[in-house]
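Quick notes on the structure that follows.
Just so it is clear, A, B, C and D label the chains in written order, and each chain counts residues from 1 on its own.
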Amino acid sequence: MDMILDIASWAFISGGIIFCLIGGYGLIKLKDFYARLHAASLIDTFGVGLIFIGLMFQAGFTLVTAKLILILVFIFFTSPTATHALARAAINHDVLPDVDTEEERDLVRQTKTTKSSTS
Amino acid sequence: MTFLSLNMSVLAVIVPLMAAPICVLLRHSGLAWAWATAIAGITFVLSIGLLQHIMANGTLVYEMGGWDGPWGIVYHIDEVSALVVMIVAAIAAVVMPYAKLSIEREIPKERHYLVYCMFLLCMAGLIGMAVTGDAFNLFVFLEVSSLSSYVLISLGNDRRALTASLRYLIIGTLGATFYVIGLGMIYMMTGSLNMTDLATSLPEVQDTQTIHVAFAFVIIGFGLKLALFPLHIWLPNAYTYAPSAVTAFLAATATKVAVYAMLRLIYTVFGDVNPFETYGLRGVMIALALLGMFAGSLLAIFQTNVKRLLAYSSIAQVGYMVLGISIGNAIALEGGIIHMFNHALMKGGLFMAMGCVFYMVGSTDLKDMAGMGKRMPLTAAAFVIGGFALVGTPLTVGFISKFYLVQGALAEGWWPIAFMIMFASLLAVIYVWRVVEVMYFQKPADGDLSYNEAPIAMLIPTYVLIGAAVYFGTDATLTSEISLNAAQTLLGGSK
Amino acid sequence: MNIEIITSDALNVMTLLFMAVTAIAIARIRNLFAVVMLSGIYSLMGATLYVILDAVDVAFTEAAVGAGASTVLMIGTLALTSANENATPNKQTIKALIACTLIGFALVYASFDMPLFGDPNAPIHNHVVPRYLNDSMAEIGLPNVVTSILASYRGYDTMGEAFVIFTAAVGVIALIGRGRREKSANENMADANNVMKRKIVLRVVSKLLIPFILLFGLYVQWHGDFGPGGGFQAGVIFGAAFILYGIIYGLGTLRKALPAWLTRWLMALGVLLYACTGVVSLIKGASFLDYNVLASTPTGGQHIGILLVEFGVGMTVFASIVTIFCAFAGRAAADVNKVSAKQRSAGHD
Amino acid sequence: MIDYAFPGLLNYWIVFLLMMIGLYIVIAHENLIKKIVGLNVFQVSVFVFYISMAKIKGGTAPILADSIEVYSNPLPHVLILTAIVVGVATTALGLALVVRIQESYDTIEDDEIRDIEERSD
């Protein structure tokens, strides 16, 4: 039984680590702010989530697991909000996405004009 | 009465400390001033009582929280600590009445209560440093006094007060952190933070490399705080641009307490190690002290702002104190300790006279001092007497301390040092004379020589300090008795 | 060889190396926002390291203060100043490099006589400390030895610490606080300008979180005797809840919930509560801060005393943190108004 | 048997490196905010130094429980708790001063400020 729990736990933790690595790689490699933000949010959600589930398997049915669940809930509330706030702040400071095609560029221009007309 | 005599030591710290938050709650300029003045007075009375108690009964140990020895924090108060507490409380008690007018002139009204709060905190921090027998507690109270003095300095009128304060903050924090690093290594090797406990356990590890470096770190840390040459760069601007009352208070107390802390470290914590011989510290310290004396005095000669001139002179005077500490025989040490007291009197008085000038003229530039001898005769006279004390003319306190220092140097057979002490005094003659010449023999540019003396409420406190500088210069039995006792206690080590 | 110990040592060294990399990055990067964030990360890694080194209380404080409060203040300052640093002249760099290398070598020289890392025979583990570990249960009766030392054996230090943060808060008011009339006008305008206020996601989430943060603050305050935590950490967490509220709903709204006079009173009353606990023991004929006399049994007295002083610390720290934040945010609001006023007048021309 | 050779002194050496980087930032950089960040780095490194010396290998956090025999040294923890508070107090005050300096000099580069001051003398 212990063996199975251990394997499951390590599988989850390794999965989490992989997501963290991918997120970190994306954070460096992606080209504009919003894409990088997207990569970073991967770490907060999947990376941390999977690692926590793995840790819960390690802890078993104890107070520690309850605390881990609470922390997980907290992170699931706060980190998307933080990402949201960051993106908002970036828009407010006129950070525009870096895009390739002409259509997308038009889209960006449109958002820009609507934004400046509202504010 | 027993309550007071038992708890005098702790009351001297917590009375001003607890008064500070109440001062914030008062919020009224006049009320806050009255409150702070009353508290300074009470603390002064307590400090006198404490000094008497120590002189009569010897070293006092007060166990904070009832926890003894190295486990809790203890006060360890001997003659030197009591004397330093008395200096701080006395200067505060004199500066507070003086501060009202001066601060009303220099600081916007809605900030007055904050200034008085900071004054009380600074005073409590300095007294706390002087009484504590715990090396880490020394750091905590050092920070209480430092943080409040940064704020006090930054409140000066000129915008350069801000940069002076920030530079002092950075250097002061570096100094405190150096002290903490050194203390950490000392703690690592001994396992204790209590000063007397350290004194007994340090000789066992005195030859380890860790303790060598640790000693260097604590000395550099406090060297920065006390403006030991060449670590003095923060001092001139800080003293020049701070509000007048603040300069008078800080110049008279802050460096003295830092000198005291260094004295405590060298003679109590490292007392049985005898760092002068073991680590060859004596030569370095004497050299730095002499350099400070000459460089400070020489730089003072070329200043055009009198407050800055006095600030450079402070660097020189700190040199005298450090010289007394590092010559290290009973007479020189006595000279160093008595000079802490004497310098507090004369520098406090001089800066207060400059505060009077600033109050009336709005500047302390040398060129604006022309004709002061006629326009503000009493202030100018106070400055002249203080200047005499600074030079070390007989019948003033400056003579007493230099007399002991020279004697101490001669007792070791170091006549070149004795000669240099006298020569440095000659430099003091030059910079004091420059001010006197402008005040009495130059006419102001606009030719206005109308009588325009500072208010009596500022003159009286100034003359109290200047008068004390003369009184203790003519009759030095009391002060020299106290400082001789203090020097002997220190040289007795921790035994 | 114990695998757990090796892992912990390896983690310890690795975290230290990460910290070194971060520190070098801080020294080299010239964008101040990045520098400030990195300094927050540096503190956070320090906190992680403290957990590895068994200092849970310290880790808690460092995470709350070093990574939280300081970073918020620094960003507040950046909003008021500039975001980039000028290049440093080479001459000074070399001088500084030489000085630091020399001091560094002095420290390494010192290290050769230090006890090895983790050695239980080092002097610090065998002098003074054994009494805390062996007797504090009987003398004070709390499982958390750090709290026992902090609030009782070295309670006087902690009082000094409370006064230090009080001094800083009063100092910040003296430096960048504003007069009463000026303040309200600025804050109202700042709220009107506040962009965050309209963002519904932030408002909903923060409303959801703030009660829990406050609850957690209370838990940390009262549970500090048994686990990591205590007045200082609780105060910072409580302060963080209100700072979050202030960031999202605007300074004026925060000041309605927590007026300036209230924080000033709390700040002063907190340190006074601490000192007065000591004075009560004085009046009862014991030493300053001797809690034994506060109740019929010594440990009972210690309990009451520690509860009171921790509460005092919590109050002061909470009020001070909020005061300092408001002073910075108030300046920023005034600054925004000045800029927008300038823009408006420029538009009219 | 526990081996004390690793990390041995290495731990302290890295801590000293951290301290010196902090000190270097304070001395070498002219930007006042950078100086204060450097001060922070310096102080945190000193805290790490204290906490390192408190550690006992195989010890646990100093919260007493029946099943545990070896605790790390709690005294440096207490000292550093105090020092952290002092550190943040200094930082807050320093930053407030920086804000005021920016307002009256319009720059936070120390060399530019020195130039302005020399010119006004």
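One rule holds in what follows: contacts are C-beta pairs under 8 Å (C-beta built on N, C-alpha and C of every residue); 3 or more make two chains touch, one makes a residue touch a chain.
Note that the coordinates shown come from a computational prediction; the quantities given were computed from them, not determined experimentally.
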Note: of the two pairs B-C and B-D, more contacts are counted for B-C
Separation of the C-alpha centres, subunit A versus subunit D, in whole Å, is 31
So, in whole Å, the Cα centroid of subunit A is separated from that of subunit B by 57
Separation of the C-alpha centres, subunit B versus subunit D, in whole Å, is 28
In subunit C, the residues touching two or more other chains are 107, 111-112, 114-115, 122, 124-125, 128-129, 132, 154, 157, 160-161, 164, 167-168, 171, 175
Listed in rising order, subunit B residues that touch 2 or more other chains are 136, 140, 143, 147, 150-151, 154, 181, 187-188, 193
Residue numbers in subunit A touching two or more further chains are none
So the complete set of touching chain pairs is A-C, B-C, B-D, C-D
Note: in the complex, subunit D contacts subunit B through residues 19, 23, 26, 32, 35-36, 39, 42-43, 46, 49-50, 53, 75-76, 79, 82-83, 86, 89-90, 93-94, 97-98, 100-101, 104-105, 113, 117
Residue positions on subunit B within touch of subunit C in the complex are 3, 7, 10, 14, 17-18, 20-22, 24-25, 62-67, 70-73, 110-111, 114-115, 117-118, 121, 124, 128, 134, 136-137, 140-141, 143-144, 147-148, 150-151, 154-155, 181, 185, 187-193, 197, 201, 208-214, 216
The residues of subunit C that touch subunit B in their complex are 106-107, 109-115, 122-129, 131-132, 152-157, 160-161, 163-164, 166-168, 170-171, 173-175, 179-180, 264-265, 267-269, 271-272, 275-276, 278-279, 282, 286-292
Per the touch rule above, subunit D residues touching subunit C in the complex are 1-25, 27-31, 33-34, 36-38, 40-41, 44-45, 47-48, 51-65, 70-82, 84-93, 95-100, 102-103, 107-109, 111-112
Counting only contacts in the complex, subunit C reaches subunit A at residues 195-196, 199, 201-202, 205-206, 208-209, 212
